[in-house]
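Quick one: structure below, then a few questions.
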Amino acid sequence: MQFTRIAKALPASLAALGAALIAFLLLGGEGARAGSLAKRVAGTDMAGKTREQVAVAIEKASTLTVCDGVPAAVEGAWPCFRGAKLDGIGTERAPLAREWGPEGPPVLWTIDVGEGYAGAAVLNGRVYLIDYDREAQADVVRCLSLADGRDIWRFSYPVPVKRNHGMSRTVPAVTPAYVVTLGPKCHVVCLNAETGAFVWAIDLVRAWKAKVPQWYAGQCPLIDRDRVILAPGGDALLIAVELATGKVLWQSPNPGRWQMTHATPMPMELRGTRMYVYPGSGGVAGIAAEDGALLWQTDAWKISIATVPSPVIAGGGRVFLTGGYNAGAMMLKIDAQDGAFAARTLYTLDPKVFASIQQTPILYQERLFAVKYDGQLACADLDGRVLWTSGSGNTFGLGPYALAQGLLYVVNDKGRLTLVDAGAGEYRRLAEFEVLQGHDAWGPLAIAGGRLIMRDFTRMVCLDIRDRAARAAQGGVQ
Amino acid sequence: MSDHETTPIPRRGFMRAAARAACALGIGGGAAYLVAPRTPGERVWQIDPEKCIACGNCATYCVLRESAVKCVHSFAMCGYCELCTGFFNPSPNDLTTAAENVLCPTGAIVRRFVEDPYFEYTIDQNLCIGCGKCVKGCKMFGNGSLYLQVIHDRCLNCNQCSIAAACPSEAWVRVPAARPHLWKKVT
Amino acid sequence: MNPRGPSLFAALKSDARAAARTALVTGAFAAITAAALLAYHVRGSAEDFIDSAEIADLKSALAADPDNGALKIEIQERDLAIRRAYFAKLARLDRGIYLLLGGVLAFVGSLAWMAFARRAAPKPGAAEPTAAAEARATLSARWSVAALAVIAAGLGAAWAGRSDLAFLDRAVQAIEEAKAPPVLAPPEEIAKQWPRFRGPGGLGVSAYLNVPAEWNGASGAGILWKTPVPISSDNSPVVWGDRIFLSGATKKRREVYCFDAATGALLWTGKVERVPGSKDGPDDIMEDTGYAAPTVATCGRRVYAIFANADLAAFDFDGRRVWARNLGVPENNYGYAASLLVYRHLLIVSYDQAKPEDNKSRFLAFDIRNGKTVWDTVRPVAASWDTPIVITHAGVDQLITCSNPFVIAYAPDTGRELWRADCLNDDVAPSPVYAGGLVLAVNTGAQLSAIKPDGTGDVTKTHILWLAEDGLPDIASPAATDDYVYLLTTHGLLTCYETKTGKLLYEEDTDLSFNASPSIVGDKLYLISTKGVAIILRIGPTYEELGRSELGEGVHASPAFQDGRIYIRGKKHLYCIGAR
Amino acid sequence: MTARGAISTRAAAGLIVFLALVAAVVAVALHDPIGRRGNRLGRDFAYETKDLRPIPPDLIRYAERAAFDAGLAVPRAIAVDAGDKIYVAGDRAVVWFTTHGAPAGARALDGEPTCLAVGADGTWHVGLGGHVEVFDPAGARAAAWTPHGARSYITAIAAAPDAIFVADAGERLVLLYRPDGAFVRPIGGRDAARAIPGLVVPSPFLDLAMGKDGLLRVTNPGRRKVEAYSLEGDLCFAWGEAGAAIDRFCGCCNPVHLAVLPDGALVAAEKGLATVKVCEPDGALRCVVAGPDLLGENALGCDVAVDSRGRIVVLDPAAKKVRIFEPAPPGGSRSQETGSAHE
Amino acid sequence: MRFPIVPTLALVAILSGGRAAAEQRFPPPDFSPGYSLPVTEAQGAPARADARGYIDAAVLAGALALASYLALGRRSRRGLVLLGLGSLAYFGFYRHGCICPVGAVQNVVLAITDPGYALPLTAALFFALPLLFTLFFGRAFCAAVCPLGAVQDVVLASPVAVPGWLARALGLVPFVYLGAAVLLVATGSTFLICRYDPFVGFFRLSAGLDLTIYGAALLIIGVFVGRPYCRFLCPYGALLGLVSRLSWRRVTITPAECVRCRLCEDACPFGAITTPSPETPPARRAGKTALAVTLLALPLLMGLGALAGRALSPAFAHTHATIRLAERVWLEEAGEVEGTTDQSDAFRATGLALDDLYLAAGALRARFDTGTTILGVFAGLAAGATLLRVSLRRTRRDYEADPALCLACGRCYRYCPVETDRGKRHRKPREAAP
């Protein structure tokens, strides 16, 4: 009986199968080779003198000086710009002081640094810094002891840079094995994080026709797993470089020939697709992390003079963008449909309402914290409603801020550190201390191992910001 | 069998057997004679790069839909030039890798900067269709380091190669399987 | 065996309808797949995708506007799209071919199923074989073999009819001929014929004395036959044995004619077409010169012709073209006019053009067997319209050429220069003659020069025996005997000099106009005017007219003299004058 | 099955067979039975240089005055001596001709010559692969120099009264020797301190010539430049741009040959679409001597020499001819227009 | 296969030799340390190993042995079908029909005529093994080893008998085809059999539209006409047919004695079953006269064939590339055609003399003249032989398989009641007649 039925059902089922196969034939894609087809644009040969050549040049011209510093036996990491989670929030375990005495938090060490705004990265008891040595006319990648600020090693290579509001202004990115820095003239150097030994280098200008931004590069290298993400602009909007080798893994197209900005690309996950959000000179784009494909772009957000703050990934496909030069702020929403992405504007904010000129706002507990054009600290919700401001009596200029354990550390132009309770529904200052009395203390902060590293134009300071009990338990200054 | 039983004529059977033996001897011996003195023979098809005029027949006459012939590059002969006429149009707009400047119809030649003034050119065999355009360009202005070869893991090694039959310059030859390529190289 | 129903085998066996349906479905699938594949195939060969006219157009647009960034981006995008389409097509073909294979296999399988389900039991044939049936079968087998043979013969004939290897015969023949010493007519035979412009030596001297002196075109008296020439041109008849050769050309057509000397019938017309490198024209040509001013030449086995566009062709006496080549249209303001001549196995071509300083003028010699260049000599002279002659002086053959400003003698076998004399000027059309051991060269604007041809190098100051300046012709060549030199101008002024001294003997105005060169027959001088009036004079120190004959048709060509006959090319007809 | 059914089945089968037979015959007939169809690739697959071949007539200011057979199977180099005798090296010999091209003599060599120079005193220097041999004016071998390096491959020699310059394409250097064969110094090696980028020589073409300004002109074919060096080895200046236009040098190695005119202008020859052109000492294109319409496509390029009267003597390796060019008014000459018709 | 017809390449050798020497001794650029030259693409790809060919030959020998056993010993139609499918899969689709005995004929001829050609051992084996097997066991190769046969056997669904007279005439075609193929190989023109192999495109899953249509048409015909290629085209089949007349053992319809039940009369889709002679023989006299006439006509037929073949010489000659090239160059030189072809350009690029080309073509033409004449004689002989066979009459008492035509497919076994009876005794029948 069954076999009879099978025989009877055979024609119909074969017909269905055939229809499916014919559909597959007619509608099927481009086959295996489609993957190796890419738009043929200029510069894919990395012509005009590239990686290898620059690597050779930098390596040849470089000097590695081993100094007497010793890494601190301190846990805690701030491995790159905006910290481990790229959110500007420290992951401190030891309780932090909620108030300081009049003497302020203990200053562990102070060192002189070249003019600029380059912030520190911290890992394994080491502090990494890209500095500029004006006398030697050289970029200097410095590895300092977190304990006392003494150099462990210095790697320098000559780059002539003229004074223009300082020189170095980027934060290194570091893994246990490698440290990657981006110099003021867009030289990307990868060194052994422990020894400072040269690994590879890329001159973004020569290799990718990047244009050095006004006031030199402010973009910080982004290490995403095993690769370094850089946004050279020019021949490629973004490139992914294998961290260990310097091999270019992919490059994304740059149809609009956008140029490099001071912003750093920020990773975002959306519907299972990992992408990098980068505001270039001509708009904002989302680049697939896998292959560098341009997933979406919009010219709704562009700042003609300089884009400095990096995008804030606000969850749910939202990207918060802000900037100076009368740009204000904007919330983008990235919609994903059938694997295609598109950006739309959720809202824009007047610069007077809520914006940041230079520092990237911090998103904490669905609240955005930023210092506005008038120097007031402001807190807004994700719909762009300002919840509170610090008032005209409490201004911070263009200084940086970072967050840890609900405490917002805000620095003003001159180097005064203010501790603000981020969890309160209003501006509540917990403590304040004049750490430095310099100017242009705009370098991003780093908070790691109970320490806060901040700088002004020429000095870098490491503070112990743990509370007394923790300090006692874990040991004081070594 | 039935013959033997139904027509029992021994003489006829004997003659058939003799003829059969002669025939077997002829076939076997003849084949052996033809094979014996000439081994090891020339077994596989290859293109003599010195004779090849890169006409493009290789790309179309192969019995395979995608030809077994592809371009290869003898790096040791290459000038590593910036202005590579195997890579660029005869009159490129600019010496960049953009589509408007480059020659290869499928984008199979990959150019990579090595150091001033050298560029390295490699063939993505996945994309190469063996049209020979770059071969012509390289031969005309360059060292002739790009040239067409039969890729043996594609070639079916037909008795009569359709491309060989269509080759205008008698560049198709049989070569020993042990040395299946006619490489252009520095010795 | 199976309690729940028949076995699979039996189920399949019993269901012929299912088999038929399956066959239908699988057959349809295979057919659709095949159709899809066919459609891909027909949509253009795979290469058409990538061989994009669109990209080519964009690229040429970019060449015109090299900085157009938008265009570049468009090219890059189209380029990617096209390459994607190309590889997509390949991928689809790949998929399709496997689907088709699967479909066909399924179809064949279901057919087999069908056959299996429908298979009937063996049954015996209709009838026992009979002797008659066997005989019929044998007969029809014979006929079918015959029919097959007929069909094969028909197909073979159709196939064979499309191919012939005539070219190979000719090629091999040419090779053998070129290897063998050239077959040349003996000099005494050449002397009896009229193988080139102005006869065997190019001097306008008849070897025969028995030629008619009287005729009348209107009445037909003394005219053996007249026959129309398809294209009117001004080149002169050439005669070898029973064949008369002429050529004719327009801007686009170039032809060689062979007439039967006995009847005047046009034996064949050789068309000179599809010569490699040949162009029509030129456009700016003087009407009086036309496209076929040069007279043909023959070696006795072939006839050679050259035209205004410098198409040079050789025909055998049966009208088959043996070889042809084009030399490139010469720069010649009136149109190319120099006639050909054959020296031994060399066909010598005067290829003067442009101005002396242009250095474009050359003399070339071609192997008459295959048209290959034997020598090629560059000359520092201007364009010329005269025809060279080959003389034998003191046992040495010399090729005498005239062109502004030099008379140059070359060794005819190598093209090596022997001597030159600077004694010509402007446009040189009259050909040189040789008489009394002197080369006589003349043109208007210069003088008549008598040159001793035994010098080397520049002989201007040393070997010019005498000069004369009266009655200088601009078209017609001189005629000369050892004693007298005759010059005839276009306007009819006949001037006679003493050959040895250059002394002017007489001048006579004939009141006619002339393009044809004067000819010598024994002691008579034949002049034929442009209106077709022939004057026959006695050669001597004084003007003595023996008679006049009228052809009734204009004549620009010089006559050809043979045994008892004169061949004259009129504007439209070829005439044979002689006694019946 | 009824008889009728059988008949109709057979008829249908017969019809199908017939149609298939017709299709088969047509298909086989359509099949390129004797290979006439040729390449089925389209125009995009042609390497099209026809746009590059024509040379603007007003740029051609030389005319071919004479051409004669070099009489060698593989002529490689040409030189002209002070008396305007023309020397051609090739096969395993040097042959020489009068200034008009009449053969005047020959001398066999021990190897394949790669280049040749004849000095003012009549001494020949012949490059034989890796080394130089010196012959006295009578053709007797006077010396054989040792190769400079393991890779030495001599492609050009220039003889000045007190210096012999040797272009060593293998070592990518110009070697300066004293006439007695003593090595003085290399010139043209990569030297960052002296800002010398180095000679890039992808194929065996490197030529040099002594300029009238006392600077040595060296081709840098891989960079498509002509470089001028002082005798001390300092790079004074360089010119030349890569490109297919007539005033540029194309391909992976051009120019391939150089010569200097009496007024100091340079004659530069290119391979590929063989071209000979005249450039001012600073590199500006003055005019073209002959282009690919005459010289054709060849992978060797034409060696060039200049005689005392300023005639340019070109060795055309494809036609195995020596061609002599003299200045002529622009607008083309017969050689450019009709040269191809009688080759 | 093209012959190196152009007589001397000495000049080219000198030219290219000189240049090649210069190229070869020239070193790559001076790179900074750290750069190493890449490996040339596909440098690692080895040629198809010779071992492959030996495996093929071994598979062939095994398949032949198995087919012979199945056809003669086991008398298993089903086994033959399965083996045929296996051969189709292996020699056809897996080995792309690339090396097959049908084409190997040409390799053998080439080895005979061109001393420069080395006959691969595999080609020799592929040529000889089926012939030898046929010599001893009949056409078992055709039954289940040849992929071309198998693919046609698979599609044969509704056989229609081809009339005997037509089959006789069409049976001549393979001989002419074979002769033409031999001629074209011997003159160095082309491998005709490979070129028009109808099914190899299917095996490779890639063929031009024309050959696809040709193959498909043959398959469509093959649905109704049993194995049209094998019977009416296959040149190797012609050879096998000849050889199989001598075969030691061959397929018999009945395993024991024939009972003349006539059940097998329609069994063979290939028309290979000969019926018993009629009881009353036709007039002997008429038969003898016909035989005598045919014998006398044989030389005439051969002569006619020679004339026809000679007339076809130019047409055949045009299949040769050198002759076509010579013609093309001639026409170009004479200006009778516009432009040049790749062939003529390539020829001119060699710098060889035109005359040598013409002489080579001339020499080739002479070979074609001789060859086509022989081909014509051969065709006449084949036609005569067919007529002779028609005229010869042998008395047959049983239904027998014609030794030349029988493809040993085994279809007739199951029609024979003797076989069925024997089968019943041996094993339980798996298929029941309805």
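The letters A, B, C, D and E name the chains in turn, as written, and every chain counts its residues from 1.
Just so we're on the same page, a contact is a pair of C-beta atoms (placed from the backbone, for glycine too) under 8 Å apart; a residue touches a chain by one contact, two chains touch by 3 or more.
The structure presented is a predicted model; accordingly, all values stated were derived computationally and were not measured.
Peer 1: Kindly work out which chain lies most centrally, taking the average of its C-alpha atoms as its position.
Peer 2: So the chain sitting closest to the middle is B.
Peer 1: What pair of chains is linked by the largest number of C-beta pairs in contact?
Peer 2: Top of the contact-pair ranking: B-E.
Peer 1: When the C-alpha atoms of subunit A and subunit C are each averaged to a single point, how far apart are the two points in Å?
Peer 2: A distance of 81 Å separates the two centres.
Peer 1: Determine the centre-to-centre distance between subunit A and subunit B, using the mean Cα coordinates as centres, and give it in whole Å.
Peer 2: 53
Peer 1: Where the centres are mean C-alpha positions, what is the separation of subunit B from subunit D, in Å?
Peer 2: Result: the chain centres lie 31 Å from each other.
Peer 1: Suppose each chain is reduced to the average of its Cα coordinates; what separation in Å results between subunit A and subunit E?
Peer 2: About 73 Å, centre to centre.
Peer 1: Going by the contact rule already set, what residues in subunit D reach two or more other chains?
Peer 2: Residues 35, 38-41, 44-45, 200, 202-203, 222, 299 of subunit D touch two or more partner chains.
Peer 1: If you look at subunit A, which of its residues touch at least two other chains?
Peer 2: In subunit A, residues 33, 37-41, 52, 56 touch at least two other chains, as defined above.
Peer 1: Can you list the subunit C residues in contact with two or more other chains?
Peer 2: Residues 47, 50-51, 76, 79-80, 83, 87, 90, 94, 277 of subunit C touch two or more partner chains.
Peer 1: Which of the residues in subunit A come into contact with subunit C in the complex?
Peer 2: Result: residues 1-4, 6-8, 10-12, 14-15, 18, 21-22, 24-26, 28-34, 37-41, 255 of subunit A touch subunit C.
Peer 1: Show me the residue ranges of subunit C that touch subunit E in the complex, using the header's touch definition.
Peer 2: Against subunit E, the touching part of subunit C is residues 9, 13, 38, 41, 97-98, 101, 108, 111-112, 114-115, 121-125, 128-135, 137-138, 140-145, 147-149, 152-153, 156-157, 159-160, 162-165, 167-168, 170-172, 174-175, 178, 273-278, 321, 323-324.
Peer 1: Would you tell me which residues of subunit E are touching subunit C in their complex?
Peer 2: 154-155, 157-158, 163-166, 168-170, 172-173, 176, 202, 205-206, 209, 223, 261-267, 275-282, 286, 290, 308, 311-312, 314-315, 317-318, 323, 326-327, 330-338, 355, 358-359, 361-362, 365, 379, 383, 386-387, 390-391, 415, 430-431, 433-434
Peer 1: Please output the residues of subunit B touching subunit D within their complex, sorted ascending.
Peer 2: 54-57, 59-60, 78-85, 90-92, 95, 103, 105, 116-118, 131-133, 136-144, 165-166
Peer 1: If you look only at subunit D, which of its residues touch subunit B in the complex?
Peer 2: Touching subunit B: residues 35, 38-41, 44-49, 51-52, 197, 200, 202-203, 222-224, 242-245, 250-254, 271-273, 297, 299 of subunit D.
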